[in-house]
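Below is one structure, written out as structure tokens, with a few remarks after it.
Each chain gets a letter, A, B, C and D, in the order it is written, and its residues are counted from 1.
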């Protein structure tokens, strides 16, 4: 039995740990085009800001692969898979034969078409290499334009701003973090960022990056021109499905997987940002490019690859993030569209406090906790378990909302079964 | 509004070096004697609310609290004491009967403390209970005058008996006056140690039916919770005529304490006052008592001993004799120091006689009449320790009833405020916030430990007297000597003076 | 594994568990007076008493079998010991992103922002090698440290 | 100083017993030799003997032995005796002058039969006789009935037992069963009535020990009309057996199982039928459990029974040689008069040694109660 994993981030690590829970001996080969030991992608903005060292970015200890009997092929890119001969072809022409294969190639930046993308000092911001490239050129007093006010864009902005860079963010949508916040929440976040000197251009896009060999500015579709020593394109990510393009593996937006995280082809699994797995809230397959989801899918894939029957009941969008000490946690549907939703809201503007819980048929389907995130996981749990909250709906927004507000029977069953919580 | 003349009884002292403002005291005081001041960010005391129950002192994790008598002196007056004056202030304010909880606290002589026990020296070996068997087993119930035996076989069964592994039972305290958790504690402790607990007059909660074999159910003047199942579930039935703390007085459980559980257990409507009349309205004479005794025996097919409990009053000996002749299997006598959840203060403090005299008089009288062996005698009313028990048995008791000691074992600190329903120890209350403070596991353990400890001590004292079975102490008044007693008192107790 | 179970029927809401938890994790280990009087910022309690009179109970990390926090942790700081089952956070690696707060269905992870931001949670006093401080000091055995089977006297 | 009866006097002692199962008569010499060996177990403050089969010529009469303090009380007592009994013969008990025996009271014996017309109020003749004895002993100051059986007698006084034996000329009597007692009281009242054996009708008891249950036993006995005037253990033990055997009609084994009751732990291991019986005995007669150390020899016309307390806190040895049975506090007391017994053993605590004349089934005749004729004995008040 030979396990092969393409990828070296959360899903890949989840798979290694999943396999090793069942199978301690058979070899695992891990292939990654990045030359680094596994590191935490979300920490790249921390690295940029100098809040963590490269060493502290490690997602698992240096001895992780050794201890888990994993052969790593780092800096070697897999370029094709032949599912008939069970072979993975590498860029360097090596061919690796697998019995069970996991594709965990993650995401790749989505770059909308615009002029001047080829210029120097135009960056993306999802990998270690991106941070290193930016760090090489950036100096205090630089002006930066960041395209996209999503999680990556704002994190990049915070990182750059902390280095003394003058940052302007250009966003096509009407608000920041449009994927995870509604207007009210976004407004608070935006104002908080503006207080720190970050500027925003909303409802517009970059038409072109201007300058000579190096970027010197951008022009916006609204006609404005902004100077820029560097441009970061952070519009979003899309599944990095390149390696399976020539194979028979079914790809929709991402590689389609079932509840065992297996692709359309037997013995081939996919997990993480590259995969399109089940979304609990939308009750359909979706790409969910978030780390907890990647790990859980990877782990599920690993368990199944090693012969243990394991099912991942699905994930849903969820994020915990903060900017300049303003923490926020959101999950699921935050801006419901359509009928049948019930929305509970609590807003205390002077405290930057905003709580919003979205229910459908008395089941929580999404929430925003802004600046007061304590115990948000209880709500996440209610979403995951599809708990009917009709008996305690009125308590949900309370500052002290907790298990005390659950009906005794429900509370006891949850607390006594403390050993069964799971992402599975 | 006018000024309240009452000054605080207690002073709460908070050691600032030790107080960490954790607010445990605030959370634990049902009387609101501790208060968290949000503005000052520290805990303050409201001395006037303090009843000196020690809950805060015991719970304070840094031992930062002390409770003292409020340092307010009245001019010395041997007649007009503080207590006398405070009572008047209170009555002048309220116009009501003074209520109190727990037993008589007046400085009457405690005769247990005027009796000394014997021990063997030389002529008769003392017995080491760690090496030799030591028997405390006691059977309560009616004894026939003689046994018919033929060819090694008993021809007729003896009447039903309660089997006690220790000569100590928990006496009656009703569900209502004390919490369900207190009942659970007592029931489990009784089972654990091999003795009995007593429901009091408030019925038997459904959760406690499983302890029926260790339960004495009470039939009192209110007849609360009494039905055929109640009687049949029990090991014995006790007819309560009177109670040491308030002879001649009935009981009154206010409606606010009659919650769902109490109401179901007592079989009365939710929120109604539960009134136990002073007399049983079907017992106006000894003949009536006989009828009730036999009704209860009929109802339980003569399978359960019937106990009749009376308060120790002046002519207790004659009354007890009548009760034996009326058919009671056990006579329980409650002395004037017996506890209560609520009693009028003046009644509690001045009605009845000490159990020591009552016991001596009853035992002597029943022997004079030759009927002592027909019946078992159980006494209660402030049995404070194992030597009280040894003395009681030497005076003539078969076993003792304890209640106050049991409550103290479970946490009671004798603040005597049972009647307020705010017992901070979760005992004399029905407030769910407070009742859960008594974890019946712990309560049962502690109450059982007390009985076990006392049993060990009784064994030690018995061994010292060269006795290895408790029955050889019963009525063995030669084992007692009086100290500091008048001839008359010695005579009533039927004992000699120390040195005689 | 042994966990701390709360028996709400006996919780008296005194919060001594919180107080002793704080002291157990203070640099003046278990010295209450010093913990509260000398520590500039005493630790945050890792156990929380939830209360709505008359009901109260203490809640802390359940040390889930399949702990979501360990899976969601973006730096791999949250870890379940395969031997003891205890879930602990390697605070030196934690970056305070609160993803664990997001996924913990018990709301048992708190934000400790006294210094370097870290997620703070019950460690079952694993340093002490004894029974957890909250259990040891619960005045009414409302907290028991036991296997699930034996907890609450129920099989 | 208070004398016996005015104060309770605990005592240590020696006891000895000899009997011949065939009823062959022997003189008092052996028993005197046997008890003399245990000289150090007494202190000269009491000694005595019981002898069965000594008055064959008066075997249908009660042989009443009395001490009188003086002639006046003798007269007074004899008035009563004559009122309630027909006296066949009255005489002083023959004695020898012994230097060691001092302060001798008047010692008389009467061979008597109850007057039938006075007995009407009593259930039985024995009740009548016992009641008379109780009254003399408790109400007539200075007179004391110390023996009252038929064809038997007790002889006792203040002194070492061997001296008492010589004083009463026991070598001149012939009996088939003898018991003896040497006393070591821990108080020194020196009263003749306080010496052992203690007897009531033909029942005698010699006892070594000090019972710690004394007052519990006494106060129970007093409910049944007994007056424990001597305040001695022996007196109480005698009455206990009298109550159980004679008044309650219990079999001897049951009486033994009451006074030296098996421990509850032992009862719990019995079969259910036995359990029921033993439990009933302990429960109903718990106040008659004799607690504390004792060894006793309970003598009757039919033989004797030796018994230890249930913990065996006092020494007691038994032996047999042919038809002769021996019981003593110490083995030396047996070997003195029987060099090589067929067997000798130490009876266990609470396990009686019962020696009966051949042909007799029980120590007492009155314990043969027929179920059909079972009469409820009234409580004597």
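In this section, a residue touches a chain if its C-beta (ideal position, glycine included) is under 8 Å from a C-beta of that chain, and two chains touch if they have at least 3 such contacts.
Here the structure is a predicted model, which is why all the values come from computation and not from measurement.
Shared contact partners of chain A and chain B, listed by label: C. Distance from per-chain Cα centroids to the pooled protein Cα centroid is smallest for B. Distance from the centre of chain C peaks at D, each centre being the average of the chain's Cα atoms.
By number of C-beta pairs in contact, A-C leads over the other of B-C and A-C.
Here the spacing of chain B and chain C, counted between their Cα centres, is 43 Å.
Note: centroid distance chain C to chain D, computed from Cα atoms, is 79 Å.
Our note on geometry: chain A versus chain C, Cα centroid distance of 29 Å, whole angstroms. Taking each chain's centre as the average of its CA atoms, chain B and chain D sit 47 Å apart. Pairs of chains meeting the touch criterion are A-C, B-C, B-D. Touching chain B in their complex are the following residues of chain C: 9-16, 19-20, 32-33, 35-37, 53-54, 137, 139-142.
Chain B contributes residues 120, 122-125, 127, 132-133, 135, 137, 139, 141, 143-150, 152-155, 157-158, 161, 367, 370, 372-373, 465-469, 471-479 to its touches with chain D in the complex. By the touch criterion given at the top, residues 8, 10-12, 186, 209-217, 219-220, 222-224, 248-251, 253-254, 261, 263-265, 273-274, 276-277, 279-287, 289-293, 310-311, 313, 371, 374, 376-377, 379, 381 of chain D touch chain B in their complex.
Of all residues in chain B, only 17-18, 20-24, 27-28, 59, 61-62, 426, 431-433, 436-437, 439, 441-442 touch chain C in the complex they form.
Against chain C, in their complex, chain A makes its touches with residues 10, 13-14, 40, 42-43, 46, 51-52, 56-61, 291-292, 295-296, 299, 318-322, 327, 329, 331, 373-378, 380-381, 384-385, 400, 402-405, 408, 412, 414-416, 418-424.
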